[in-house]
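Two complexes come next, and they have one chain in common, chain A, joined by chain B in the first and chain C in the second.
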Partner chain A sequence: MSYLPTKNRDVEQRLRDEAKSLLEQGRVDYVIGFEPGSLKFTTTPLITNNKDDVDHLVINPFIVNNLSVYLTEIKGRVGIIAKGCDSRSIISLIQDKQVVREDIVIMGIPCPGLIDLKKVERLVGKDRDELDNIIRDGDKVVITVDGQGKEYPITEVLYDNCLGCEFPTPQEYDVLLGEPAPLVTDLTASRQKIEMLEGMSQQQRWDFWKDEFSRCIRCYACRNICPACFCERCFVEESEPQWVLPVPRWQDNLIFQVVRNIHVAGRCTDCGECERACPMNIPLRSLARKTYDLVDELFHYKSGTDKEASPLMTAYEQAEAEDFIR
Partner chain B sequence: MRQDSQWEPKIVGFLCRWCSYAGADLAGTSRKKYPANIRIIKVPCSGRVDPLFVLKALRLGFDGVLVSGCHPGECHYQTGNYYARRRIAITKKLLEYIGIEPQRIQASWVSASEGGKFAQVVTEVTRELKEIGPNELFADQK
Partner chain C sequence: MTGKKKISKGNIERLLNEWSQEFTVFVPSQENGVATLAKWGGGDTSFLAWYRNTITPAKANFFPPMEEMFSFRKDREGYHIELPPTDERKQLIFGIRPCDARALAILDMTFKDAYEDPYYLSKRNNTVLIGLGCLNPYDSCFCTSLGISPAESTDVDLMLTDIGDQFLIEEITQKGRELIATASGVEEATEADEGKAKEVKEASYKKVAKKIETEDIKEKLLPAFNNQDYWERAAAKCLSCGICTFLCPTCYCFDINDEMVKNQGERLRSWDSCAFPIYTKMPMENPRVEKWRRVRQRVYHKYEFYPMSFGVIACTGCGRCIRQCPVNWDITQALNGLPAKI
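Right, the complex of A and B next:
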């Protein structure tokens, strides 16, 4: 079943042809993409070296994963499908010398935004299993329930991070599948939680995060899914010195998450994977996006937009961020 | 917030080995008076200071953290203090966002010849921390 409007379906075919020819010509050892997931409206990463598998590849508004996280784990040359934010994560990995540009073939997908199923469920008041189809067409989305299609503005159902997207078209690619994507944004909705927090008192903010991190079970899903978190040994697992306790206590959970965000400052592209991966629904993006905005505000730096640039924390300007220093 | 008159803030100071540590030494040898609230840890360079040190210190109950290094352009390793500046700037802002008083994270440039400035920095930092009171951020042991 395709979740694309009929006129856009050729993109999937172009992708399959491209992926097949890459494998056939031996230009890559593996292809990383998406195949339909086991549940309706979901996709799952597909990593294959078999050219017959590429027929499973799909493109639709549910290709949520940032596949660049697999690049550091796979040996050999890789053909990878990248949306706007994914391509920036790849650039970031190139900057940090974690991957070699020549070893990757980037099949860029202009991404008009991904659909948040939780928002869809809230909007139509039905479970995702009860929906017949969700088709995005331009700035509208048609949700079909019991054979009845109903139109909604697309901004109602896009992920918060997609609503705050700045670069929907891949910043680095070898082939671009489709036309550069139009930018559909709603910055107010995207920053809603952050602005709510900024409006609180210092004590209220602390209590908010304390409460959120009391739920954290320290499964490390946020860290493991993050393409910017590529340390071979994470500071939370060090035993000498033991910086944080391995048991999930809110104090240590908070330190883990804050330090993790500082570590990925200048690498985070606001792809939203940490928040999607969190089984406890902790609003991690409110931390990640804030860090992203702070990096821009303080150092005028946008992660993953220039593969020649030095990584944020290995560069400096003579005069910057002096105001707080005595 | 608990405000007992006997309470004195505890500050951990990460001082760069080349400038600020020598500055603190000079403050001592020149008999400059400054509050005894600071506990000094010598680091090779202000660039050695990991944001994790700052959080760990607050977690352990220190009321404030001072990171001090050489003036811009005077780093023994040429650029260490510039990297430190980026790191501390983002740490301070992010910690403020999650609800830690910005006064708890302090930074200064003190050269080896600035014993007087070191005494003044410690005096000011201690006064600011007295104003905001004890660090009870991590006090809830649940």
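Right, the complex of A and C next:
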């Protein structure tokens, strides 16, 4: 099954050709991309050094993972598929000297936004595995249930972070596959949860997060899926001193997330992976995007847009807001 | 007369209210967009329409993500230890799926047979399980490969099967029989009801599309243990998070921490995961520093080591580890992809 109209499939073929030639010419040791997942409407990361595997590479509205998370782990030169936000994460890793630009070949994919299956499920009142098909065509999506196709505006099913995307086309690449993507945004929908939180009193907000973090089971999927979380040893795992308990008490869960957000400030590219990975449906992106906006507002800094720039917290510019220093 | 009972769906609310007199009743709930077992608040039986399975398995009702083992206080005379108050009120879980009920039987082997875990057992011995047959398995489910039928179970006290407007009730244990004997709205089932139940059970069994080959799995697993290349490839995309193990209905590893403020505190135990690089770092070192060893461990513990210790595979094919994995790491692919036996 393909989730793309036929006219977009040549991008997939170009990608496979490119990836194959990278491996054949020995320009990279590994290719990281997406192959079809084992469940409906899923893809799964493909990490391979075998040129025959690249025929499985796919591009579709379900290529959710930010593959740059693997860059710090894989030894050798890597050809990687990157959407707009992923390319920014790569740039950020270069700025932080976690990876070397010369060791990476970026195959950029202009990204018109990814489909949030939870939104699809809410929209049609069925679980993802009960749907026949989901096909995106430009600014429309056709969802087929029990043989009946129904068309919806694409903005109803894109991830919140995609609706707030600023750079759908990769900011850094060696080869760009496809035409630069048009910006499909709905900033109101993208900021809906954040505005709801901004409208709360401090007490209400505290109660909200207490409730949300009471569900956290401390599986650390949010941290492990995050390319900006590259610490070899996370502060939550320190035992001397023990900053927080490794047990899922809501207070410790909250501190974990607050500190994590501050640690990734200036590195987070709003790829939305933390929230997508959370099995407990905690709206983590609301914290991440708020921090992202604060970084922009206070430091006029957008993560991962300039590989020559110093990482946010290592540089000082006179134009930076300093009304917090008194 | 079939000897079996039935109850109409409209009477379930009354039944749950009745049981609430004696038990703390848990039913599937979907608060905050996460399906879990939650305390029955009365009134809402809408779960009968949407419920397929919960995100957190029923094991959390016996072995919660975090629990207090005891509290302690230190003074001049030494340490004083106090056990937490035990909940004397019995719990009733309504709607447990056959996969999760089997998982409790598997957990019993560790927490009851191998050694007696008082925290687990106090809850386990104080619980009634009302099973609800699964008629709409997910595409990630593979229970039939583990000898489980999605709508049949003998690991519960009562087993319910959806036969349209009613549930057929099978009394599995004496506890179950007593429970239903005094319940209102329960009728005798007819031959036709039983025929219908048989039909839906068979249909449900056929719906489970995902499969693993368990027949020669032992022969394939043994020689594959040292196949580093295979496990490195299989493990490449794993993020080493704890989703698959925490949400697994049979995983039981835990960590113990003391929370001490001044001279008093609590000893807490919480879920731990062999996927974590710092697993067992506290007493010594993690012998599985490389990721592929940790990924291999999860597969082998379930499919090789547990059978060696207890004679059963510690997996019920509930599919949570596949469904919830943020990178779609699929244990069935890892098992089915094992090199053929030599």
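Simple rule for what comes next: the second predicted complex is superposed on the first by the 323 of 326 C-alpha atoms of A that agree within 3 Å, B and C clash if a C-alpha of one lies under 4 Å from a C-alpha of the other, contacts with A are read in each partner's own complex, and residues count from 1 in each chain.
The rule we apply is simple: a residue touches a chain if its C-beta (ideal position, glycine included) is under 8 Å from a C-beta of that chain, and two chains touch if they have at least 3 such contacts.
Remember, it's a predicted structure, so these values are computed and weren't measured experimentally.
Visitor: What does the overlay on chain A give for chain B and chain C, a clash or a fit?
Guide: fit
Visitor: At the Cα centre of chain A, what angle separates the centres of chain B and chain C, to the nearest 10 degrees?
Guide: 90
Visitor: Contact-wise, after the overlay, does A:Gln204 reach chain B, chain C, both or neither (first, second, both, neither)?
Guide: The answer is first: A:Gln204 touches chain B but not chain C.
Visitor: If you stack the two complexes on chain A, which partner ends up touching A:Leu294: first (chain B), second (chain C), both, or neither?
Guide: In the superposed model, A:Leu294 contacts chain B only, not chain C.
Visitor: Quick check on the superposed pair: does A:Lys126 touch chain B, chain C, both, or neither? Answer first, second, both or neither.
Guide: A:Lys126: touches no partner chain.
Visitor: For A:Leu254, using the defined touch cut-off, is the partner it touches chain B, chain C, both, or neither? Pick first, second, both or neither.
Guide: A:Leu254 sits against chain B, while chain C stays out of touch.
Visitor: Nearest approach of chain B to chain C by C-alpha atoms in the superposition, in Å, rounded to an integer.
Guide: Comparing every C-alpha of chain B with every C-alpha of chain C, the smallest gap is 10 Å.
Visitor: Indicate the residue numbers of chain A shared between its chain B interface and its chain C interface, in ascending order.
Guide: Shared contact residues on chain A: none.
Visitor: Which bits of chain B are touching chain A when the two form their complex?
Guide: Listed in rising order, the residues are 51-52, 55-56, 59, 72-73, 79, 82-83, 85-102, 106-109, 121, 124, 137-138, 140, 142.
Visitor: Using the touch definition from the top, list the residues of chain A that touch chain C in their complex.
Guide: Residues 37-40, 42-47, 65, 69-70, 118, 127, 129-130, 212, 215, 217-221, 223-225, 237, 239, 245-249, 273, 276-277, 279-281 of chain A touch chain C in their complex.
Visitor: If we count contacts the way the header does, which residues on chain A are in touch with chain B in the complex?
Guide: Checking each residue of chain A against chain B gives 197-198, 202-210, 214, 235, 243, 250-252, 254-255, 258-259, 261-262, 265, 287, 290-291, 294-295, 298-299, 312-314, 316, 318, 320-322, 324-326.
Visitor: Sort out for me which residues of chain C touch chain A in the complex.
Guide: 32-34, 52, 55-56, 65-66, 136, 138-140, 236-237, 239-243, 246-247, 255, 257, 259, 268, 270-271, 273, 276, 278, 282, 322-324, 326-330, 332-333
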